[in-house]
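Order of writing sets the labels: A, B, C and D. Residues in every chain begin at 1.
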Amino acid sequence: MTVRIQSEPFDAGQELSRFTTQTGNVGAVVTFTGIVRSDGDNPVTKLMIEHYPAMTERAVALMVDAARERWSVTDCLVIHRFGELHIGEEIMMVAVSSAHRADSFEAAQFLMDYLKSRAPFWKKEFRTGTAAWVDGKLEDENALRQWDSEL
Amino acid sequence: MTVRIQSEPFDAGQELSRFTTQTGNVGAVVTFTGIVRSDGDNPVTKLMIEHYPAMTERAVALMVDAARERWSVTDCLVIHRFGELHIGEEIMMVAVSSAHRADSFEAAQFLMDYLKSRAPFWKKEFRTGTAAWVDGKLEDENALRQWDSEL
Amino acid sequence: MTSNQIDIVYFAWVRERVGHPRERISSRATTVMELIDELRLMGPEYEAAFADIAALRVAVDQQLVTFDAQVGEASEVAFFPPMTGG
Amino acid sequence: MTSNQIDIVYFAWVRERVGHPRERISSRATTVMELIDELRLMGPEYEAAFADIAALRVAVDQQLVTFDAQVGEASEVAFFPPMTGG
């Protein structure tokens, strides 16, 4: 199990290759990668991600533990960046390995739903002439509730 | 959209890096990688995968089309090997990109469920002193039915 | 009633039981089920391959179909066990 | 009633409204809600930051809690908007 909170860019493909090599005898690996996307009429030009260093790693480790209790998971990797990020850069990734595909898929979705609304990260979007903190989304809260857990 | 049916090994990490670079302005990429796993008392030593060349690419392309009709997906990649495969080698991978994470996760799971039971591949497992065709699993048929589709 | 030239292809254990991967036959069958009845008459290896229809899948001209599907104009019919890809 | 030294930390727009990321205060609060009442008295920037409690989240000693949670022995309390990671 690896949790990395870092300001440096990373390459999700390289991380997947390394994860698969290290994870040993598994049948399934699922990854999710979140990427800075420009959208709308006045598109995002960059992102600033703030986090709560004293809390972040422990909070994410607790989510990983919860996933491992719930599914038969061999290994997990979570990488999340903070600081200044540009369009096309990887914001974060999750990788999960397991014997069978359902465990990896569900554990990865569970981790994403928790990371979205329970890990102490805040995104600020910069557009030409303006900057605004991203609002928490109701759909993310609802996604979390579907797991019906008490984390 | 790319579908590759090949006997050569591939590296899922390299494929993910290339896919993410080529896919353009997306927010989310989900991958699934299936790997040859050894299990049990008399573990698998190698796998032979047979396929139906005249049918395979078109069948997989139809699945990808069905996923794109159902979810808001930016790009899809499906790679599936045939021939002789050894422990730890990648059997196949699916990558899906989209603006938002739910589309990529669901489309990737949908593609996997279809590939498992509707793409014309057959696995034969070799163990010490014995070889046997893998039986279709009821749980895979049930996974497919959950999508409740008419493909 | 005229007969039709059809390529029959077999995969996985169906291929192993029949003993070869492909053959061209002359058939008067109008449905897959009738085609199977013809094939069963071709020898014990065919009887073994087609003993349990529930364990088989069929594609007519590379499209998965049910056993009551027409084969009238088909040029290729494939028989195989349930797929196990992924 | 004795007072307690607590580090208060702020993130995202809460930090921007308060005007600084961290401070140590002397507090008599026993719950988070009482602590917020004390903070609101510290100036208009605090009133602005704590105007809408429903828009805030709180962590006591790095654990997410509800506003009725105890802060008696806490050494660090953090206020921030709903998280938007991932």
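Please note the rule applied: a residue touches a chain if its C-beta (ideal position, glycine included) is under 8 Å from a C-beta of that chain, and two chains touch if they have at least 3 such contacts.
A quick note: this is a predicted structure, and the numbers were derived from the prediction, not measured.
Set against the Cα centre of chain A, the chain with the most distant centre is C. Taking each chain's centre as the average of its CA atoms, chain B and chain D sit 49 Å apart.
Centre-to-centre spacing of chain C and chain D amounts to 73 Å, using the average Cα coordinate of each chain.
Centre-to-centre spacing of chain A and chain D amounts to 26 Å, using the average Cα coordinate of each chain.
Residue positions 86 of chain C each touch two or more of the other chains. For chain B, residues that reach two or more other chains under the stated contact definition are 34, 101, 112.
By the contact rule set out at the top, the touching chain pairs are A-B, A-D, B-C. Remark: chain A residues 34, 49-52, 54-55, 58-59, 80, 91-92, 112, 115-124, 133-137, 141 touch chain D in the complex.
Chain C contributes residues 9, 11-13, 15, 59, 62-64, 76, 78, 80-86 to its touches with chain B in the complex. Against chain A, in their complex, chain B makes its touches with residues 11-18, 20, 25-39, 87-88, 90, 99, 101-102, 104-105, 108-109, 112, 143.
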